[in-house]
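Listed below are the structures to be examined.
Two complexes are shown next, each including chain A; its partner changes from chain B in the first to chain C in the second.
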Partner chain A sequence: MRETYTYDKSREAFARAMKVIPSGIYGHLGPAEGCYTPVEAFPFYSSKAEGPYVWDLDGNRFIDYMCAYGPNVLGYNDPDVDAAAAEQRALGDCTTLPSTKMVDFAELLVDTVASADWAFFAKNGGDVTTLAVMTARAYTHRKKIVFFKGYYHGVAPWTQKIDYAGVIPEDVMHNIYVNWNDLDELEAVFKKYKGEIAAVISQPYMHGNFMDNVLPADGFWKEVRRLCTENGTVLVVDDVRAGFRLDIAGSDHYFGFEADLICFCKALANGYNVSALCGKNFLKNTVSGMSYTGSYWLSAVPFAAGIACINKMKRIGAPQILIEKGTKLKEGLIATANKHGFDLRVTGVPSLFYLRIADDPTLMLHQEWIAECVKRGVFFTNHHNHFINAALTDADIAETLDIADEAFAVVKKRH
Partner chain B sequence: MRETYTYDKSREAFARAMKVIPSGIYGHLGPAEGCYTPVEAFPFYSSKAEGPYVWDLDGNRFIDYMCAYGPNVLGYNDPDVDAAAAEQRALGDCTTLPSTKMVDFAELLVDTVASADWAFFAKNGGDVTTLAVMTARAYTHRKKIVFFKGYYHGVAPWTQKIDYAGVIPEDVMHNIYVNWNDLDELEAVFKKYKGEIAAVISQPYMHGNFMDNVLPADGFWKEVRRLCTENGTVLVVDDVRAGFRLDIAGSDHYFGFEADLICFCKALANGYNVSALCGKNFLKNTVSGMSYTGSYWLSAVPFAAGIACINKMKRIGAPQILIEKGTKLKEGLIATANKHGFDLRVTGVPSLFYLRIADDPTLMLHQEWIAECVKRGVFFTNHHNHFINAALTDADIAETLDIADEAFAVVKKRH
Partner chain C sequence: MTDAKTLAYINLHAVLGSIPYLCELDERARDLIKNEKISLGFRVKGGPSGALCFADGKAWFTDECDSCNIILSFSSPEKFNGMIDGTVTPIPSKGLLKVGFLLKKFMPLTDILSSYLRAEKEALADPVFFEKSTVLMFHLIASAIAQIGNVDPVGCASASYIVDGNIKLAIGDDLALTLAAKDHVLTAIHSAPESFMSFMKFEDIKLARALFDGEVNAVAAVGEGKVRIGGMISQVDNVNRILDRVALYLA
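Take a look at the complex of A and B:
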């Protein structure tokens, strides 16, 4: 049996943080909300990262299946991406004029992404989901936006729940929520709000938290596409999380349809800070007419990194590799669970898999198992999907299964 | 007389960009809107930057008074900031857990900024102005926000004008607009909307576009502070543009008052991508209770750069240096204009100066002069304030005045 990790230095640093940062570590990287990892198993701070690994402040090494919640797609500190970024940095990054790396990157995305006639760059996923909704409203002169329940499109007021702190009812009064894969409901909504729906916004499949992830039903996207087209509604795909892990040409392409607008962020530049809205020609003039920018949005280093990242993903066939590695891990995990009499559900596309031990509806059993994995060096999470990166080796997968095995044994013994 | 610059390569690159990017270069770095520089004098793309200079794609060198619209505060590619960033990059940047550099940076801001009891980090200025408004609404359970006319607080729907593309009336229905320095109007608004005003949001002084910049009148801020306190309204200072160019302790400190929330971005890390909301203890729990984050928000490299930038600004006394350099330039420019019989108005704090030739209310004369400056290597802008950086030398200022002199002569001769 392995020795389990301890996190003394992380705890000390967190105590310092609580004095000067609201909630110490906020958002999805924090112990309170983000990782949904049991807090006693959660390491809090990283000291370094390399390839598929992250080390915490106490020197514990983890095989990292969160990949910074997506940005790490080629492996941390990928030499090709870092070299391209360093070369650009020596010339200039955030200057009074953009670099032509911006043009090169837009051309590369237009060449790569099936539904992209143009690209617009920003910094957050939320910058581009917000621009997508504003573009749809400007183009259609309509107000209503259809969401699929379980969605996440960032933290801007328009996409928050009505009871979120700081959100006022006016922020979300034109939002309509329908169930994923429910075409009858969607069709009814289009009928009820005829001529009023500016956009349907959706992730390419339902990868929400605290629920098994759900792929689109047969024919679902084809019908959504048809309903949008017939109703003059803009179809927005939020590919911030899944983008380039399913298909280098976009997750809409993977599922056999074309979005009008598609949002990218996480896997775009292997961790360098950039997001992109891509879209169809008929919306280009609308976007051209909008005043939408930010202090660092046209910085050159992330464009250079993004070019290197996309080119390398294309060269090695990254999405296929990630799906293959994820499938190998998935099959191994299910078999390991079965050995101990557990029913482990692995849902979603394997490059972006979600885990749940189905034997316990309270999810506490699952949480116990996750904790035992994390404390032994496999960074899984509890109620959020995971991410595969291209630096993950067969040896890493074998070690993961070995640790998962030990963790199942510990949990089995306890119950 | 100097030869004037030509921009053939920039034009070619822009033609490529127009095919794949809406409006080619959008926002404040673009020729359409941003710089308000006459288009025929505008160089479009940079090839490199160093210290106080930017070079365009055609190899023309400019003494750059836009400083990437603020981020360049110490000089492009500052060796101390870049070394700290490179050291952190070798360890890790955007990983599954934050680095303790985040804690170090928050502690440094709390030590440095007078009104900061805590710090929250994001990426855009607009991320933190939005968080400030959401925090004020969450804390007060009120909806209304008071703006001063001429404001700019980012591109989110709540802060746009009602007629902007993509903005719906509900986005801005609780916004109240009052005139800068008009205490009677502000007091009347507080009376009319008693118990309804969540926040007053304001830049530290009026540095709007297309208008002479206006400092706060004597006693203005003291009265604003009193009205906010008496009415239970949160006072938000948007120091995104002016921050650290007036006072290392915050621009509220420069003008002798304390904000409840203060927003920083541009000069925070010399161009590395980070923004910060700082605030008072009574609002910390409210922020802790909000779910507000983004893909790259806890990346370590910008924190390392920010620490190096703030420490260097403190060590060299950057704001004082910038104001001194700006004052020298201002006095020289006014004298040069006078020599040619022009009345050049230089408004705002000299580290953040705004230029206008007052002899022509159409502003066309001013535009002609700006064009002649830019085409000779001084990157001024037309209807936006300018920025001073610490790498600017006396020789640069002398060369600037020499070019300004030549440009005045050209314009004088023409009229």
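Take a look at the complex of A and C:
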């Protein structure tokens, strides 16, 4: 049996943070939103990262299946991406006149992403999902936006729910929510709000939290596309999370349809801060006329990193590699769980797998197992999909399965 | 962003609904009702109805008020809320001859209740009073969460995301209450659940009080291990959103 990790230095740092930072660590990397249960099982801060690994402040090494919640697609500190970034940094980054790296990056995205005729850059996924919705409203002169329940499109007020702190009813009054894969409901919404729907926004498949991830039903996207086209509604694909882990040409391409607007961020530049909205030609003029920018949105270093990242992902066939590695891990985890009599469900595309032990509807058993994995050096989270990166080796997968096996044994013994 | 109807439900089910727990916790309250066998109904047009019943030295709350000895009827939620505020004097629509109970028993009971729920800083320095006050607030808040989740439009949105099952709310290892969710309707049960889908446990009575008073945030306390959450955490997450609205109504 492995010795389990302890996190004294993380806790000391957190105590300092609590004095000067709201909730210590806010957002998805924080212990509350990250569902660190029990909290003692999880490290809070990293000291370094390399390839598929992250080390915490106490020197514990983890095989990291969260990949910074997606950005780490090639491996932390990828030498090709970092070299490109360093080269550009020596020339200039955030400057009065933008670098032509921006043009190079846009050209590369237009060449790479099947539905892209142009690219607009920002920093975070939420910047470009917001731009997508604003673009749809500006183009159609309509107000309503259709969402699929279980969605996540960022943290701007329009993406949140009416009961979230700081959100007012007017922020979400034009939001319409329908069930994933329910074409009848979607069609009924189009009939009810004929001529009023600016956009349908959706992730390429349902990767919500606390639920098994659900792929699109046969023909689903084709029908959504048809309904949007027939009703003059802009179809927005939020590929921030899944982008380039399914298909280098975009997740709409993977599922056999074309979005009007597609949003990228996480895997775009292997951790360098850039996001992109790509779109069809008929929306380019609309975006051209919009007032939408940010202090760092035209910085050149992330563009250089993005170019290197996309080129390397293309060169190595990253999506296929990630799916293959994810499949190997998925099959191994399921077999390991079965060995101990547990029903582990692994859903979604394997490069973005979601885990749930189905034997216990309360999920407490699942949380126990995740905690035992983390304490032994495999960083899983409880109720969010995971991410595969290209630096993950067969040896890492084997070590993961070994730790998962030990964690299952510990949980089994308790129950 | 509150509404009078929801406040009336909270005032009846959570505020007046906490009188039975007051009678368990406070000797003066017990003395006041020890020889009483009477029921006091509240009927609010466009709002809630229910009754406080007293017998055998105990008090309990029931949703049925037609057969009560005394009935106080209100023409609107605002009027009922006015009674709780002390700006409206109710006149019984039934049981006028029993008005003495209202004046000599019920009013003193509500005064004792107020002393716990709007406690003076000096009173809270007494650890026994502090604990009783916090336990009473715990009962009240659990009931208020259920009312807000069932009536308040924004609270209903939160409840619409809560899957079926019991949510255990606990202070330390000794005190626990239940919020039962079924078809997105919430019911407060003032005892620990036998089984539960999720839990939110406050480290101790001091932390619970700090959370209730808005001095500590539950999200921040999770990182410190002072608030424990587990199980179907989406339930707890949505209950927390309703909990935020409790402060809005009871401020």
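Methods note: the second predicted complex is superposed on the first by the 411 of 415 C-alpha atoms of A that agree within 3 Å, B and C clash if a C-alpha of one lies under 4 Å from a C-alpha of the other, contacts with A are read in each partner's own complex, and residues count from 1 in each chain.
Note that a contact is a pair of C-beta atoms (placed from the backbone, for glycine too) under 8 Å apart; a residue touches a chain by one contact, two chains touch by 3 or more.
Since the model is a prediction, treat every value here as computed from it, not as a measurement.
*Asks:* Following the superposition defined at the top, how do chain B and chain C come out on chain A, clash or fit?
*Replies:* fit
*Asks:* Contacts for A:362 in the overlay, against chain B (first) and chain C (second): which applies, first, second, both or neither?
*Replies:* Only chain C; A:362 stays clear of chain B.
*Asks:* Between chain B (first) and chain C (second), which does A:314 come into contact with in this model arrangement: first, second, both, or neither?
*Replies:* Neither partner.
*Asks:* In the overlay, answer first, second, both or neither for which of chain B and chain C A:37 touches.
*Replies:* Only chain C is touched by A:37; chain B is not.
*Asks:* Determine, under the contact definition given at the top, whether A:89 touches first (chain B), second (chain C), both, or neither.
*Replies:* first
*Asks:* Quick check on the superposed pair: does A:119 touch chain B, chain C, both, or neither? Answer first, second, both or neither.
*Replies:* first
*Asks:* Quick check for you: in the superposed arrangement, does A:164 touch first (chain B), second (chain C), both or neither?
*Replies:* The answer is both, since A:164 touches chain B and chain C.
*Asks:* Once the two structures are placed together by chain A, how many degrees is the angle at chain A between chain B and chain C, based on Cα centres and rounded to a multiple of 10?
*Replies:* After superposition on chain A, the angle is 90 degrees.
*Asks:* Classify the contacts of A:345 with the two partner chains as first (chain B alone), second (chain C alone), both, or neither.
*Replies:* A:345 sits against neither chain B nor chain C.
*Asks:* Given the touch rule stated above, what does A:98 touch, chain B (first), chain C (second), both, or neither?
*Replies:* first
*Asks:* According to the contact criterion defined above, which of chain B and chain C contacts more residues of chain A?
*Replies:* It is B that touches the greater number of chain A residues.
*Asks:* Classify the contacts of A:25 with the two partner chains as first (chain B alone), second (chain C alone), both, or neither.
*Replies:* both
*Asks:* Aligned on chain A, what is the least Cα gap between chain B and chain C? Give it in whole Å.
*Replies:* 6
*Asks:* Of the residues on chain A, which ones does chain B touch that chain C also touches?
*Replies:* On chain A, the residues that contact chain B in one structure and chain C in the other are 22-23, 25, 33, 35, 44, 164-165, 168.
*Asks:* Would you pull the chain B residues touching chain A in the complex into a rising list?
*Replies:* It is residues 13, 16-17, 19-23, 25-29, 33-35, 43-50, 54, 56-57, 62, 64, 66-72, 76-77, 82, 89-100, 102-103, 106-107, 109-110, 117-120, 123-127, 130-131, 133-135, 137-138, 143, 154-158, 160, 164-168, 170-171, 173-174, 240, 265-266, 271-273, 275, 284-300, 302, 379 of chain B that touch chain A.
*Asks:* Flag every residue of chain C that touches chain A in the complex, lowest number first.
*Replies:* Listed in rising order, the residues are 1, 154-155, 157-158, 161, 165, 196-198, 217-220, 222-225, 228-234, 238, 241-242, 244-245.
*Asks:* If we count contacts the way the header does, which residues on chain A are in touch with chain C in the complex?
*Replies:* 14, 18, 22-25, 30-33, 35-40, 44, 161-165, 168-169, 209-210, 361-364, 367, 382-383
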